[in-house]
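Single-structure report; data block below.
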Amino acid sequence: MPLSDVWSDPNVRWVLLGCMLLGLSGGVIGSFTYIRRQSLTGDVLAHAALPGVCLAYMAIGAKSVWAFVVGAALAGWAAVLCVGLLVRRSRLKADTALAAALSVFFAFGVVLLTFIQRGEGGNVSGLDAFLFGQAATMTAGDVRAMATLSAVVLAAGVLFFKEFKLTGFDPEFARSIGFSAGRIDALLMSLVVVTVVAGIQAVGVVLMSAFLIAPAVAARCWTERFGRMVALAGVFGAVSGWAGGYAGTFSHQLPTGALAVLAASALFVLSLLFSPRCGLLARAVRRFVQRRMTRAEFRRAAVGVKKP
Amino acid sequence: MTTTESGTVAPGDVAAETEPEASPLVVRDLTAAYRGEPVLRCVNLALPEGRLIGLIGPNGAGKSTLLKAVLGLVPVLSGEVLVFGMPYRKRRRLVGYVPQRESVDWDFPTDALDVVVMGLYGRLGWFRRPGKKEREIAMECLEKVGMAAYADRQIGQLSGGQQQRVFLARALAQDARLYLMDEPFAGVDAATEKAIVGLLGELKSRGKTVVVVHHDLSTVRDYFDWVVLLNREVVAAGPTDEVFRPELLQRTYGGRLAVFRENGAPTRAEG
Amino acid sequence: MGVWRAWKTVALLAWAAVLSACSASGAAPGGATVGDRPIRATATTGMIADLVRRVGGDRVEVTALMRPGVDPHLYKASQGDLRRLERADVVFYNGLYLEGKMEKILESLGRRKAVVAVTRDIGPDRLLRVQGIGDKAQYDPHVWFDVRLWMIALDTVREELTRLDPAHADVYRRNAEAYRAELEALDRYARLRIASVPKERRVLVTAHDAFQYFGRAYDIEVRGLQGVSTAAETGTKDVTDLRDMLVRRGIKAVFVETSVPEDRIRAVIEGAAELGHRVVLGGSLYSDSTGPEGTPEGTYVGMFRHNVDAIVDALK
């Protein structure tokens, strides 16, 4: 589809808006979890959302975004509790416990999903689309719901910006001046859950964590200022979402969610290669320049010695 | 009538207004744990105001734990801590903290000025964003530690000594009456050491109380006018001349101690 | 830890694997002669179950694996299903990859007992070809939407039941004849009613491409949002193409299916509305499964009639 037609076509417009909103919130919230070294926890919450959403559906019998948020939040909270227990009561390290919780909760979610599908009228639920997303069938109502959730997430990100920064950088100091890292953590995790539920329809549970990680890591490579990093991550996420949605208009049966993740990954790889901070290219250039400078100095020193 | 540091009267401080000046730090029968292990046993202290106080003891004596217990960073198993007569919670504005450098994520995307501004967050409270005024105050604090030129340098790119000075600047920004510093002299270069010493002097001249966890015995007499000898419990506390003596040091460091003297004064201890 | 403990663990795991394999294969197979007791038949879809029930009558006990509303393209057999399949004397399934995710199980089962694809006697010349992966021929499996093809399946079922239980061949023949008459009547009904819709409005738009045989048999144009299998993903272009067709040709009604989620077709409807063309939901059709058991739509004839009526009423 030619670029000029993209905004006038209602379905394409909805898909693009939905994916951009998803990318934006994912990038922003992902930045907060990334600098606190909690990206894996974000991933756990994304995967734990599946059983939560299934249980919410089973309880209510219909698809409701707000019920899903509640379900996903409860499941995420349960997952984090389990991880805490595992770390405290056994010799498991944090990342092992997180990986274990992720797998177990996700597996439970798949079992619930199958159970729902086998029940009467099960397929009408369309919940299987929650695994990998189905962005193409978004409607105006879906976009509105996503916009609301994204607005909440972004507002919280702005409002609590300095608190997130402080507790991420020096949690002990933060506590000493009265900002409890535990409460900030809980707030951030809640925002992750809301972001995941918002994005679950577009990219699905499995791919959601890519949006929480890739744009943030890519943005980190371009700036040392946290505020700029967050904004840049949001932009990267939105652009990836847009690219995925647009790519889906070119041929039949293209999975929009996966394309968006590919776009985000491409941005990530480009940042790794070409950014001044992480760029492999930049580093190679720097090393080359340094070597030449050192050689020149040696030469000068040797000449100096030879002088009578 | 006395007013608090920030110039306004806070509700929690009313009691202090009417009482005679409370000691900056009173510790009664404190037992505290670090990572599940009880480290401090029945610690009792009452510190005088306006002094530079050295907190001395061997490794594992609980010096850092004592500071953290005051700040509520480790659980207090029994006993109580009073800062200017009230629990720490109510006196946050009056206490400045310089933690050990290891507890921080140095890869964090923030610059020196930003770190100092964080010292003002306590004053701003939740939601309010730091503005021009806060940045100006932070800049002044950076100047006081000689780091003004590095204001926009990412903190991971600073040397150990420079990082320490940024931390000090942050504590200065807190504009407290009591400062708690955890090994500020550890691993710093000579220039930084000089800067810190100068800063301590200035703080004292403004009537601030500073408690410093310190490991280098040879400099204790030069830096501190009050000393607390700690080894899980308080061995002795008092003015440096009275307390910083070989017998008491031996007791603190557990007997296996070689004390090197220079002109009759202990300069180094190895245990 | 020690080597001995490691070996014990390995042995334990291996033993558990062997045990679970044994339980999967179940109790003694029901391959013995049937004699006087009713034949135990297991069918995959509700339509097939209904067919077998009508032909077998009292002589057959039929169990359907897939409940109403379940999508056979995505259905994966559970442990309980495996037991039901093992206990059966004969298994009837659709074939042509309708039960896409059960192929392996049915294949391995077929080596040990009677496993019959009811479509096996339908010649390739009467089947509709579909875009397959590679050069392997793939056919559209939704043959039950052409009553004439379903009558061929009827014969297949009768043959198999007779082969298993020759003593009651007469019963099966009589039942089959009676049911064939019903199917003939159904075929005529469908033909007449569809023909009553004016040609230019005779377009059936549904969520997935299940109705190609229906379209061919009863002269109605058919379009689906998804391809032949619901397992494929719907892309943005699929949505926009279908929506543009609805707008271009002024089609007034689209249909949802009981076994496929509604939100997919809803995006098409809302998109068309944004472009100024109003499309209504003509109703819910039974495509890959029957209606609830016990209702008229729970039978093949019942669901077929319901579909025809819904389509005609909405399009007229």
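Structure notes:
When the chains are written out, they are named A, B and C in that same order, and each has its own residue count from 1.
Definition applied: a residue touches a chain if its C-beta (ideal position, glycine included) is under 8 Å from a C-beta of that chain, and two chains touch if they have at least 3 such contacts.
All of these numbers come straight from a predicted model, not from anything done at the bench.
Averaging Cα atoms per chain gives one point for each, and the point farthest from that of chain B is the centre of C.
Chain closest to the overall centre, judged by the mean of its C-alpha atoms against the mean of all protein C-alpha atoms: A. Chain centres here are Cα averages; for chain A and chain C they lie 40 Å apart. Chain B and chain C, compared by their mean Cα positions, are separated by 76 Å. On chain A, the positions that touch chain C within their shared complex are 1, 9-12, 14-15, 63, 114, 117-126, 128-129, 132, 134-140, 245, 248-256.
The part of chain A that touches chain B in the complex is made up of residues 35, 37, 159-163, 165-166, 168-173, 175-179, 220, 223-226, 229. Against chain A, the residues of chain B that register as touching in their complex are 68, 71-73, 89, 92, 95, 97, 99, 103-105, 108-111, 114-115, 118-119, 121-122, 124, 126-127, 129-130, 154, 170, 174.
Contact residues on chain C toward chain A in their complex (touch as defined above): 67-71, 74-76, 78, 227, 230, 232-241, 243, 258-264, 266-268, 270-271, 274-275, 292.
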